[in-house]
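Each structure below appears as structure tokens.
Next, two complexes with chain A in common: one pairs it with chain B, the other with chain C.
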Partner chain A sequence: MDVFITSKADFDSSIQRMIQQNEIYGVKRKTPSFAFDRLVAAEELCLDYDITVLPPTKYLLPPTESLIKFKLAPEPSIRSSAEAQPCILIGIHPDDLHAIKLLDAVFTGSLTDVNYLARRRATTIVGVDCVNPWPYSFAASMGTAIPPRIFDLWLTDLGDEYLVEVGSARGEDLRKRYLKTRRAREVDLRQRNKVRQDWLKKYQLSLDMPPQEIPKVLDEAWHSPLWEELGQKCLACGSCTMVCPTCICFDVRDGIELNLKEGERYRRWDSCMFDGFAKVASGENFRPTGTARLRHRLYRKGKYMLERYGELGCVGCGRCVHACLVDIASPVAAYNRLAKEAR
Partner chain B sequence: MAVGTELGSSLFLPKLAELLKVEPLSEKEKLFQLRLKDGSRLNHKPGQFVEVSVLGIGEAPISISSSPTRDDSFELVVRMVGNLTGALHRLQPGDTVGIRGPFGNGFPVSELLKRDLLFVAGGIGLCPLRSMIQHAIDKREQFGRIILLYGCRQPAEQLFRGELGEWRQRPDIEILESVDRCPVDVAWEGSVGVITTLFPQVSIDPGKTTALVVGPPVMYRFVVAECLKQGIAKERILLSLERRMKCGMGFCGHCQINNRYVCQDGPVFSYAELSRLGEAEL
Partner chain C sequence: MKPKIAVFDFTCCEGCQLQILNCEQEMPDLVAALDIITFREVMTERSDHYDIAFIDGSCTTESEIARLKEIRQRAKMVIPIGACACLGGVNCFKNLHPMEDVLKAVYGQAAPYYDTIPARPIHAVIPIDFFIPGCPIVKEEFIRVVQEILAGKAPYLPNDPVCAECKMVGNVCVFDKGQTCLGPVTRGGCKATCVTGGAVCWGCRGLIDEPNINAEKEILEKAGLSIKDIVEEFSLFNACQEDVWK
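Right after this comes the complex of A and B.
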């Protein structure tokens, strides 16, 4: 394993140099919360945050994104608008990185979404272990509090220093170019393990079963009274999906310039919790109730994604738990309750 | 993530196609004949669909209603129900549209060889079935009986009347037609009543028969019940489903029925499969 140590003071000046030469997005304090945003100065970066309002997946699947550009006159022509500027994303938490692993499986699997692929390849990922878990998160019990190995660099806060793990050739380049490091010793690795063990215990919410068992629980739960109980309160506001790092559904629209000669087709975030999500042009709505939509969302997260892509559709970040005004969106509460009903 | 290799071409990029012919079929439906401008063939299978674009307005999934056994053009029937289909209806021969696809599984042609084919079409459901009916006619010796049960609300809604007339002339196709109601001043030789009234009028060999059913969602439950009553196995009752679609590739989430994507895993499903999907409500 390529593991290094850098002092926090050195790290700050490394970040400053990185900012001067790269497009870099990191976690900033936006009182009272945190958000990923463009960094202009090293001191803006805040790596001991609990959660960001929106997940970093917004850089891979932006709220709106051009898919194709077209000209109508003199002759109709169309081209793809898939392209991306190289950038560095710094401060990704382990659970959000698990979400990116799922997005990779969806968008670069048997069919490739080149818009996603372009952005994904252009993005260097520098993640950080989460020292202060958010009270709404249940990542530890979902097995997503330890990062999957799809990062370029990974940081762990050891007090005055960061432990830096290199995950790719691109990460190694970045380390060599910007970081002042020494090789990590056995004792540093033991220290990281201890830090990780400590924070895993700090999660306040937890799933009552191994996460792989969620599909089994759901297999028996299609007719549970829970769906109606929760679903009838749903406001169809879509907040639970807008903040979710694994939510990827989109709508596609056309826009046209005022000259009426050129335009673009773009996608924008959509939500399976909106009442018209499954409505066809002739008027039929195939998921017409809050009950049906809420059930679909929790099956998609707890079962369908796993069956199709090998990854659960919930990484336990807790954003939806916090975002829902009527307190019905929590996957952990629903799965625990259904498991109890089954017993 | 592999860096550096080619991105590949975008699946969102339509090919340009020219409208060769535009023909009204009924009050609300028009038939469009198209050819891809780059000279390539669509290479579709019966029962597949394409995403049709009017650039600047949008895109909609439309099933292909002609058989690939015909020529290098293909046909679509578009019912005017919204913005995009309204814009399509205003186009003329010579105009250009965008085409993506073909998408979806289509009918399992190899499993249909030697079988008796019982086509059950409700209204505009005849359009996707027509691609398979034409295919079976063009390769007539590869299939058993061809039976078509065709139900509409009223005689004026029948589509492809010319072609239906030709099919009726053929001794190797059996056609039964119904309308829900018939105005008094209209001549009508078929049955009056819902489509299921046609079932008692045919005798089928359930072991040799595969049913191919396309129509409005309300029709499915009754037609499936009728097919089961005739003794057709669940696996041999095939239905093509309509859902909202925005991508055709399993990405956008709109077309999902439980864990299936209608755009990729469908639109054709067996009743055996659908009966296990709670959201199919069958």
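Right after this comes the complex of A and C.
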């Protein structure tokens, strides 16, 4: 394993140099929360944050993006809009990185999404262990509080120093170019294990079963009274899915210029919680109630994604738990309750 | 042939017409694509032979009813623009009082010479073909609707609540700062511009098609609003839709 140590003071000046030479997005204060945003100065970067309003996946699947540009005249033509500027994302938490792993499976698996692929390839990932989990997260119990090995660099806060784990050639290149490091020793690694164990204990919400068992619980839960109980309170506002790092749904629309000669096909985040999501051309809506939509969302997170892509559709970040103004969106509350009902 | 366009003003601040004029960048393309033949705010010429009538403002007098009926007869398409025209808007405040009192308050001794009726949205008077909500309308949405009409498509009317776009732009929810908001039941399409700008959503784009009013009231109450506060919050733009939210 390529593991190094850098002092925090050195790290700050490394970041400053990185900012000067790269497009770099990091976690900044957005009172009373935090948000990923373009970094202009090293001191803006907050690596001990609890949560960001939107997950970093917004850089890989932006809220809206152009897919193709087309011209109808003089000659009909289309051009793909897929392109991406190289950039560095710094401060990604382990659970959000698990979400990126799922997005990779969705968008670069059997079908390739050229826009996603272009952005993904252009993105360097520098993650950090979560020192201060917020009260809504249940990542520890989902097994997502330790990062999957798809990062370029990974940081662990050891007090006055960061432990830096290199995960790829690109990460090694970044380390060599910008970081002042020494090799980590056995004692540093032991220290990392220790602090990681301490942080795991800080999570306040927890799933009452191993995450692999969620699909089994859901198999028995289709007719549970829970769906109706929660569903009737639903605002169909989509907040729970907009903030979710594993949500991948989008709507595709065409726009045409006033001259009717050229236009653009673009996509925009969509949500299975909107009442029009499952409406089809005949006017039929196959999930017309909050009850049906809420159940669908929680089956998707806890079962369908796993069956289709090999990863659970929830990484336990807790954003939906907090974002839902009527307190009905929490996957952990729902799964725990359903497991209890089954017993 | 270019469609002939007329823009009419009823009871309003004319802010929505100004928004059309604010489409500075698109103006050359707009006038190339449309034949604007009546638009009192910007031109003196006028004609009664129009295809599409955009209507700004709500209906608040008997004479406005007659005028609207005439427009409906002449136009192939009638499209109210803005909160006043689509919802009745802030004008509906006066509906809370007897009309005589309203007249007296505004015109004093001259009150007997004026006529007034409770304010109402355009669709309460004549059938409409589409509407562009907002106080004022969003320029980009106006342009998009024109593009879609020109392309022969049914214009798209957003029906997702303001919250969705509010999240997309990455705002911290105002409920997290101890404020209250009508975003969860209000028709999106404005990119949650008021929240982004540091305020809250007052519901100027009207309610979505199936708002969960009980849930919204519950969160407003939880945030500390009294029943009276809640009524006030809904009344600002949506007084005419009292039957839905009361």
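The working rule: the second predicted complex is superposed on the first by the 341 of 343 C-alpha atoms of A that agree within 3 Å, B and C clash if a C-alpha of one lies under 4 Å from a C-alpha of the other, contacts with A are read in each partner's own complex, and residues count from 1 in each chain.
Everything that follows uses one rule, which is that a contact is a pair of C-beta atoms (placed from the backbone, for glycine too) under 8 Å apart; a residue touches a chain by one contact, two chains touch by 3 or more.
Quantities reported herein were computed from a predicted structural model and do not represent experimental measurements.
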item: Which of chain B and chain C A:54 touches, first, second, both or neither; value: second
item: Dominant toucher of chain A (residue count), chain B or chain C; value: B
item: Partner chain in contact with A:163 - chain B first, chain C second, else both or neither; value: neither
item: Chain B versus chain C as contact partner of A:24, first or second or both or neither; value: neither
item: Chain B versus chain C as contact partner of A:113, first or second or both or neither; value: first
item: Partner chain in contact with A:233 - chain B first, chain C second, else both or neither; value: second
item: First, second, both or neither for A:334, with chain B first and chain C second; value: neither
item: Touched partner set for A:33, first chain B, second chain C, both or neither; value: second
item: Partner chain(s) touched by A:145 [first = chain B, second = chain C, both, neither]; value: neither
item: Partner chain in contact with A:253 - chain B first, chain C second, else both or neither; value: both
item: Touching both chain B and chain C, residues of chain A; value: 253, 256, 260
item: Residues of chain A that touch chain B when the two form their complex; value: 67-68, 70, 72, 76-80, 82, 104, 106-108, 111-115, 117-118, 120-121, 150, 170, 222, 248-254, 256, 260, 263, 265, 267, 270, 272, 277-284, 286-287, 292, 296, 299-300, 303-304, 307-308
item: Contacting residues of chain A [partner chain C, same complex]; value: 30-33, 35, 53-54, 58, 63-64, 233-239, 242-243, 253, 255-260, 269, 271, 274-276, 290, 323, 325-326
item: Partner chain A, residues of chain B touching it in the complex; value: 1-3, 7-14, 16, 53, 55-60, 79, 81-82, 84-85, 96, 98, 217, 242-244, 246-247, 249-254, 256-259, 278-279
item: Contact footprint of chain A on chain C as seen in their complex; value: 26, 29-30, 32-33, 143-144, 146-148, 150-151, 156, 159-161, 163-164, 167-173, 175-177, 183-185, 208-210, 212, 214-216, 218-219
